[in-house]
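In the part that follows, the structures are each spelled out as structure tokens.
After this come two complexes, each holding chain A, first together with chain B and then together with chain C.
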Partner chain A sequence: MQPNNAASIKPRKAVLAALLLPGVAIYVFITIIPLFTAFGYSLTNWAIGPNRDFIGFDNYVRLMGDSVFWQAFRNNLVIVAGNLIVQMGIAFLLTVLFMSRAMRGKEFHRTVIFLPVVLSAVVVGFIWQMVYSNNFGMLNAVLRSLNMDSLIRLWLDDPKQVIYSVTLPLIWQYLGVPLMIFMSAVQGISKEVYEVCEIDGATGVKKAIYITFPLIYSSMKVAVMLSISSNMLVFSHILVLTGGGPGTSSMVLALYSYSTSFTRMQLGYGSAIAIGVFILSFGLVLIFKKLAEVGQSE
Partner chain B sequence: MNNSSVHAPNSYLRHLGSSIGALLLNIAMLAFSITCIFPIVWIMYSSLKTKDEFMLDIMSLPGSLNFDNYYTAFVEGEMHVYFANSIFNSVVTVLIVIFLSFCVGYALSRYQFRGRNVIYTLFLAGMMIPVYSLLVPLFIQFKTLNLTDKMGTLILPYVAIRLPLAIFLFESFVRTIPRELDEAAYIDGAHTFFTMWRIIFPLCKPVTSTVLILAFLDTWNEFPFALVLITQRSLRTLPVGLTDFYGQFTAEYTTLMAALVLSMLPVMIVYLAFRKQIIQGMTAGAVKG
Partner chain C sequence: MKNKFLRIISLCLCAMLATAAFAACQSQSSDTAAPAQPAAPAADAPAADVPQSAGDAMTLNVMTLWARDNSENIPTALRARIAQFQEENPHVTVVEEGIGDQTAYYTRLTTLAAGNDLPDVFVSRGSELSMFAQAGVVAPLDDILNSRPAWRDGFVDGAFGDLTSNGSIYAIPYSMLSTHVIYYNSSLLSEAGFDSFPQTWPEFMDMIAKLNANGVTPIALGNREQWVANSCVLSTLGDRFTGSDWFRSIISGDGAQWTDPEFVSALAALQEMSNAGAFNSDMNSIDNDQQKTLFYNGSAAMFMEGSWAIGAVVDDAPADILAATKVAVLPAVNGGKGNPRSMSGGSGSGLAVGIGALQDDAKMAVIAEFLEFVLGEGYSMEIAAKGEPTAFSVTGYDKSNVSELAALYAEMASSLAFSPIYDSFLNPAVNGVINEGLQELLINVITPQDLAERIQAESNRN
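Moving on, here comes the complex of A and B:
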């Protein structure tokens, strides 16, 4: 962009204001102001009613010792790990398969795998609740018909099982996202690279490990960061599937903040949790970013 | 001669081996895709069964097509109210998002002015703010200003949340349109608003449709804001309505499935019609965010 070009049409101030103001105003009103007031509320003991006293950082001290909060954090980590390992793994495998010339119906597979991405989290939560239902669920029915009764579980009612059960719908719904990110990276790799390697005798597995993986490494980082930040904030799926139960065994951070604020009406403490969630998830992404940079420089 | 007779069966075998490999690959891939889609297919065909038929055999296909569940869900379950609200919110949000994001995107890409970078950074930062940290303060803000439980309550947050990505999409697209077009119009005496809406905007068709589709899908599916800012039943949107519906029809599996299909259907139709654009747009949006 050349500066003389930019100056060639000088807009009148009023025109510029008319273009910018409405959008910026709505945006600031909805996202920027609440971000600051949230922090303000988190320093008060505001519960239901008009009483609102400044209590400094007491809510944050309480948060540090809140076992449910840390349980929720651990659950988020399990969900993040599950998605990183299983979802990214499958997406990478599929990317390699998609590159094979022998594969037919790529358009069909792509359309089918990406479809759940566009569904609402609530719908996906309900679909999987029906899949997991003990007596009338699809999963148990399929297992029964395959004579694998020993695998039947109380998918959503067993405190030990539940966190894994709620991770699967997330892996399922968003598999299309890393897949598409990888695929668009792979399309950037020129065919010649592969052809040369084939001549040199590289097999499918070798091609995957030594060419595809390094070449899509940077877009893999993007996919991983996206996955971490969205899974740290997962909310609707869990609310619909289990409500955080049984007990608090499938509680996650965003849901804990929500239920503290709106079910138990502790608005001050709920705000502190929201800020805590923000810091933890942002921190995790930053840590990962640092690790990825170190990994690349070696 | 001798050489080729040794080679022929060998290459034939290798060819056979690779085509068996290809067959296995395709079978495995097909099995995977069908497994992926099956929960949705199961919900769809089960919604056409009667409750008794479903209880008798969970997996079987419906004996006859039975749309009673849809009637119950749509009329008795009041899905039509939620449906209408979702359409209202989505359409209004999409129109406002396109209007405002084109205005801001155009200004950002065409003009140099003081505060330009501040506005740019503001919107960029907004893409990283998690919605959940805004729920409590926004609820209080709306409560104090008496903005909850209104027809247009959800429009404000919906527009604001969709703005950043839409602005960046427009901004980067307008940048690719030659500036000479604006200058020629200016010399001919056209007003800025005329130039941007009648000359530049029509050229932005591809990015406008991406913004439109993404904003529609996001708004149709939105849950947390609708859950917190609306308490009146008559103003609820589909996702919140569904949770309500679930409380009401807990044991009526087939009716629930019909309700799920009803709320999935518009999104699935849009998806199948515009899948290329949606996949591209969402991937681009994800990478940008």
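Moving on, here comes the complex of A and C:
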């Protein structure tokens, strides 16, 4: 591709703006404007119907002391951490595996691993509800047939256990996403690099740590960022699996905002929670970005 | 070459976007316009029924709490009446939206209410209705009832009790129901040494221990959706301890507190039941359909649900289980202030009307006609013949088709009084705290005293 050719397909500014307009308009309409209206609502005691009174920052004061909100935040952090450590870890291992020549049927494995990503979250929730079911569940049946009855738990009923039980389906379903990102990054590494290090005597593990990892680091950052932002907003899986229960032990931020607004009809406070979620998630992504930059400059 | 390709791609994308945007605007405008000018008939209404004269043609949006394949008596009878109304009034297009999951249904309803966009006719409980009435998003139905005195006076005493707010009636009841019936498998009980249902609390707890010893789950509980423990268990158990006057005082806000020792003992009794192994261990992750399954397959001796479950048990239970199934209510508790011969019940829910219809006299007239036709004598005869307790009193219906179980229930109900259904009266936020708290109470995460204080704190906020 010659540079003059590239210049000729670059459209005029007006055309560019016109092409961008629909996308930007949709984004503004469904993301930016609701953010501001939600902030407006969060300053009121809106319950339902047309009446609402301005109550200043009372909702935020309540939010600060709301133990369920902070519990939900902790749960979100557990889910994020589980995904970052387990999901990214498995994805990286798989990437290394996929690169090795010994691996057979790469296409098949890739398809199978990616398949759950396109399933609806509600479907996944119901499937895992059946997997975890106490009497008829697949998981308990497998454990019983392996004579490991002592490992059987009340997967969705034990408040200490439940948050890990609901994290697993998320790890399973979205494993394909970081895997795809890592694979495409790995394919961008030129063959010569590997050939040279093989001549130098690097083996599988060393190749993975000293060559693959640093060279796909920037793609990993993207995958991590995506994972944080999507897991901070996780909703449908939990709604279907447990509805936040038992009690509030598997409550997550988005679900808490939703149920406060629409089940308990406290739309004002629900909006305050939504703004809180926005601030926390945004903060988390910013912190991660800072950390990643520090890591890279070293 | 590449240049051209890019251009074609971007053109296609633009065209797609434009069509999408256009379609979105289109569908939006036709949505809002639909009630006023029903030029396009709804998909499931035969086009021939819409007359050419657009003058009195209209669409009636109806939202109900029952899935399409629901086999319970009330939805079946109600749907048959709606279909008949549709047939006799071809100029009206009745569009019914049925949402089977109760939690999802009320979420949708309150979302519509928040936007002041409630459907023309919809099912609602008393607790939501009083919120809606306060916010002015539902229409009072006193005028409709008063202009039809024969219909109005046909309803049984107290039929409108749960559906009245500030002196106005906001919904027409479709049945008198109980939210607490203990369906029990008499053969499993007699195996445990109980030939009749226990009449005292110690006996009841003894039965739970003996059933457990026999390897049977005493009570199947499916509380994933959280309302079951509140509506079907606590409403009655609480009343046994506190008496109905206490609850009325809670509602009117004159004196009674959630932290009163009577109510705390009720919570303690529920926790004691759970600790004694009265319920299946996965009670918080299965729902009320699955609790019936445990009963049907004989692994549980009892389940607690409303009178609406009679139809489902008759339809779905295996013949031997159905033959052994009998009904009871919780026994008296020691030192309880409530009437032990009562169960939580009332009309509970009814058909209400969105405020939007009030703007349009012609529409209001059709709605009045619709309500009287659907919830009048014909409907009540039909459900009475199936053994359902009716809100509109009827006599001389055909009793030959009443199932044995329904007859058993009717016989029991005739000797019992109704006590208030908690979640029909309480504010949704307080209800939410109780529902969530009961899940924790049942698995010993919270003490009865702490839960009572939590409910009181939420109650103070509202």
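Quick note on the criterion: the second predicted complex is superposed on the first by the 263 of 298 C-alpha atoms of A that agree within 3 Å, B and C clash if a C-alpha of one lies under 4 Å from a C-alpha of the other, contacts with A are read in each partner's own complex, and residues count from 1 in each chain.
Convention: contacts are C-beta pairs under 8 Å (C-beta built on N, C-alpha and C of every residue); 3 or more make two chains touch, one makes a residue touch a chain.
None of these values were measured; they are calculated from a predicted model.
Touch criterion met: A:Ile113 reaches chain B, while chain C stays clear of it.
Of the two partner chains placed by the overlay, chain B and chain C both lie in contact with A:Pro22.
When the two complexes are superposed, the chain touching more residues of chain A, out of chain B and chain C, is B.
In the superposition on chain A, contact is made by A:Phe126 with chain B only, not with chain C. Of the two partner chains, neither chain B nor chain C is touched by A:Thr95. Within the superposed three-chain model, A:Asn75 lies out of touch with both chain B and chain C [touch as defined at top]. Once chain A of one complex is fitted onto chain A of the other, the partner contacts of A:Leu267 extend to both chain B and chain C. When the two structures are aligned on the shared chain, A:Asn83 is found in touch with neither chain B nor chain C.
Under the contact criterion defined above, the residues of chain A that touch both chain B in one complex and chain C in the other are 5, 8-9, 19, 22-23, 133, 262, 267. Chain contact summary for the complex, chain A toward chain C: residues 5, 8-9, 19, 22-23, 47-51, 129, 132-135, 154-159, 242-249, 259, 262-267.
Those residues of chain A whose C-beta lies close enough to touch chain B in the complex are 3, 5-9, 11-12, 15-16, 18-20, 22-24, 26-35, 37-38, 41, 94, 97, 100, 102-105, 108-123, 126-128, 130-131, 133, 136-138, 141-142, 145, 172, 175-177, 180-181, 184, 219, 222, 226, 229, 233, 235-236, 239-240, 254, 257-258, 261-262, 267, 270-271, 274-275, 277-278, 281-282. Those residues of chain C whose C-beta lies close enough to touch chain A in the complex are 2-3, 6, 10, 14, 17-18, 21, 103, 106-107, 110-111, 113-114, 116, 131-132, 134-137, 224-226, 280-286, 294, 299, 428-429, 431-432, 436-437, 439-440, 442-443, 445-446. Considering their complex, residues 18, 21-22, 25-26, 29-30, 32-33, 36-40, 42-43, 54-55, 58-59, 100-101, 103-104, 106-107, 110-113, 119, 122-123, 126, 128-141, 156-157, 159-161, 163-164, 167, 179, 182-183, 186, 192-193, 217, 220-224, 228, 238-240, 242-243, 246, 253, 256-257, 260, 263-264, 267-268, 270-272, 275, 278-279, 282-283, 286-287, 289 of chain B touch chain A.
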